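You will see subunit A twice below: alongside subunit B first, and alongside subunit C after that.
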Partner chain A sequence: MKKTLIKFLLITGLFSVSGNIYSHHAFTAEFDAKAPVNLTGKIVKVEWINPHAWVHVEVIEGLKKTIWMVEGGTPNTLVRNGLTKQTLVPGTVIVVRGYQSKGKLCTPRCRANGRDVTFPDGSKVFMGSSGTGAPRDGADPREPKR
Partner chain B sequence: MPYFLRYLLLLIFLSFTITSEEDHHEEESEVHDVMAYVLDPAARGIWNFSGSYVTEEGEFRLEPTSDEGWERIMQSAKTVSEASYLLSLPSRSEGRPLWLAFSSSLEVIGDKAFEAAEHQDPEELFKVGAELYQVCVACHKAYWVKD
Partner chain C sequence: MNKIILLTITFFYSILLTSDDNFSKKTWFGDPNLQGTWTNQSLTSLERPDEIENLIISDKDAARYAYYYQQFLEQADGEFEVGEQIQASNDPGGYNVEWMDPGTKLLRINNEYRSSVITYPEDGQLPRKLFRWALEIPPTVYKMFVKADHPEERSLGERCIVGFGSSGGPPMLNVLYNNNYQIIQSPGYVVILVEMNHDARVIRIDREHNPDSMKPWLGDSVGYWEGDTLVVKTRNIHPQQQFRAGIRHQILISEQALIEERFTRTSKEEILYKFKVDDTKFYNEHWEGEISLRETEGKIYEYACHEGNYAMENILAGARAEEKN
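Showing the complex of A and B:
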């Protein structure tokens, strides 16, 4: 009886070691779901790098010219969605919907997480990655319906 | 059962639980440090040197143009492989099969990245870089990112 009780206590104690997971969140760590952006401008640079492609968009408001760095999904994800070097061509004017970074100072660059991109012909393509914790805003065709 | 034995067992149990909680925070912090100071910089040592960027002036490749540059990628790749062991330590893996499977994947991918860098193969390195990120995301979904 005594041995059984000691074993029970030891096992119970060992189970108390089992882990909490991090409460940290991939999207919310960097981007502000309450700061949506709608950027119109020409593509000036596209970085085809892992883990995220980056589309640099020149936004002109009055006399002010701002370069926004918009984070996309992985290059492979973008290509699967139809966003390639042939479609994301520098000089093309696009509209990007997304969410601004938590740091709003725009130094050294304004940054945003891109959700979708609209081309001059009106076609709209999802440019993010699924399951990052970004808001369910209908941009991701693969996200589960509410 | 004598009272003193009951109290003794209760004390043992409580001290074990409290110690375990402290140990757990320490282990969690250790995992965080392995990620932040070992694995993440090593992964970036692979990701940042494969692929390209495109401007109106043309396409510019990011892979190294010297043997020393490729050597640095090999170092990063080896670190990714070895990080697999750091994450597999019993205190960190807690025997979780999925955790161990993700850790083992890092070793395989690190070795593939090492080989790609050794052969100075930018396309293969880019492909392996994408695989590396898939493992990161899958593991974070299981143990970190919660919607």
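Showing the complex of A and C:
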């Protein structure tokens, strides 16, 4: 039964988190899978805009300061999951694991996708559909009100 | 005595306020009331997986699907250890689960879980004309992934024109995120504001279709009331909206397609949404589906897509960078 269920989820695309194919934009068209980035820095600005939120992070390497723009999920989902402007404030240190954009001119900013964004202790910055951030989808009337 | 009467009235009034039927069933101008903010998110996809024979799934199996989905999410979320560095890869996945918001449960209608949105044909599969699909899809997909000489070559979603995967419809299908709709009514009109991408379907009530030469985004929709059910008929779909692809489904809808949708408010919390697609260019017969639109909290977050669309710039810049290699 477990095999059938997992196959069901694979077929329905639910086990695919790549998002490579037909979401708002194709990952492969925009980002370089051969250019991983591992960034740690302070948030300097968050753009709460659709189709995707962008977090600006100041990364210091030696004497060099670089501002990276990191692409996150759609703000609609983040807001509905309880992540607000008050949660993600400038000055907060985050760790980003992702991939740089194919265009690497870094003008005006270096850009990367945020494959995995956490606080330094490993806890999630963006709460997805798992753990305590499970969204209310309205299907279950017993779900607690926020 | 007066106190008893007052308490009795208060008691029944409080029951009325807490009952499921506590909503205005009619608008101020007398039409059935569909207004509100709704979501169609669910784990159920358009077509039925081959392993599942029936449309209806038991509560036990539905709970198992949801459980394994949660397990999968936790594994995907926990891919990296604290301090671990991400590496170069041929297929890095790209996004973790925070990007996705398909809901946590299967589609449920009439207290029964569903294995597919499609209700007809009975096997839950699109009745594709395979040779037509073979002709139409490869060049479209090639263009989506390879061509990036100018913005007009890219997909409608990337261009912030309409959402991907037919989220704006018709038919309005659930995708991996932004599955929210707001319905607003005024005398003679029903407007469906689709969260992705800020699409607004304006349905004219008791009116004729526009001339065939007019092919707007989301098609030309007119409607009428059949009892408490809003019946919407759409034709003259924009030719560039032919291929509608999401991660979980891909459909073709031609300019000649006729689409009928039926919206029935079954309770304060639900609108039952039924649709029928009649498109002889791409399908051997018509196909039908059902989705539950459930009341959701809050308002739709503004979809200022053009303002926030760094993706197009990055895609075009990426293509130029690749040309130099």
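Simple rule for what comes next: the second predicted complex is superposed on the first by the 92 of 146 C-alpha atoms of A that agree within 3 Å, B and C clash if a C-alpha of one lies under 4 Å from a C-alpha of the other, contacts with A are read in each partner's own complex, and residues count from 1 in each chain.
As a convention for this text, contacts are C-beta pairs under 8 Å (C-beta built on N, C-alpha and C of every residue); 3 or more make two chains touch, one makes a residue touch a chain.
The structure displayed is predicted, hence computed values, not measured ones.
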| item | value |
| --- | --- |
| Partner chain(s) touched by A:Gln86 [first = subunit B, second = subunit C, both, neither] | neither |
| First, second, both or neither for A:Ser101, with subunit B first and subunit C second | second |
| Winner by number of subunit A residues touched, once subunit B and subunit C are compared | C |
| First (subunit B), second (subunit C), both or neither touched by A:Ala26 | both |
| Subunit B versus subunit C as contact partner of A:Pro75, first or second or both or neither | both |
| Subunit B versus subunit C as contact partner of A:Val44, first or second or both or neither | first |
| Subunit A residues contacted in one complex by subunit B, in the other by subunit C | 2, 5-6, 9, 12-14, 16-26, 47, 49-51, 74-76, 129, 131 |
| Complex contacts: residues of subunit B adjacent to subunit A | 1, 5, 9, 12-13, 16-17, 20-21, 23-24, 27-28, 32, 43, 46-48, 50-56, 59, 62, 94, 126, 129-130, 132-133, 136-137, 140-141, 143-147 |
| Complex interface listing, subunit A residues touching subunit B | 2, 5-6, 9-10, 12-14, 16-26, 44-51, 74-76, 85, 88-91, 129, 131-133 |
| Of subunit C, residues touching subunit A in the complex | 39, 41-45, 49-52, 61, 64-65, 68-70, 72-74, 76-77, 79-82, 84-105, 108, 144-145, 148, 155, 157-158, 160, 164-165, 176-178, 180, 195-197, 245-248, 250, 269, 294-298, 300-305, 307-312, 314-315, 317-322 |
| In the complex with subunit C, residue positions of subunit A that touch it | 1-2, 4-9, 11-38, 47, 49-52, 54, 69, 71-80, 97-99, 101-105, 111, 113, 115-118, 120-122, 124, 126-131, 134-141, 145-146 |
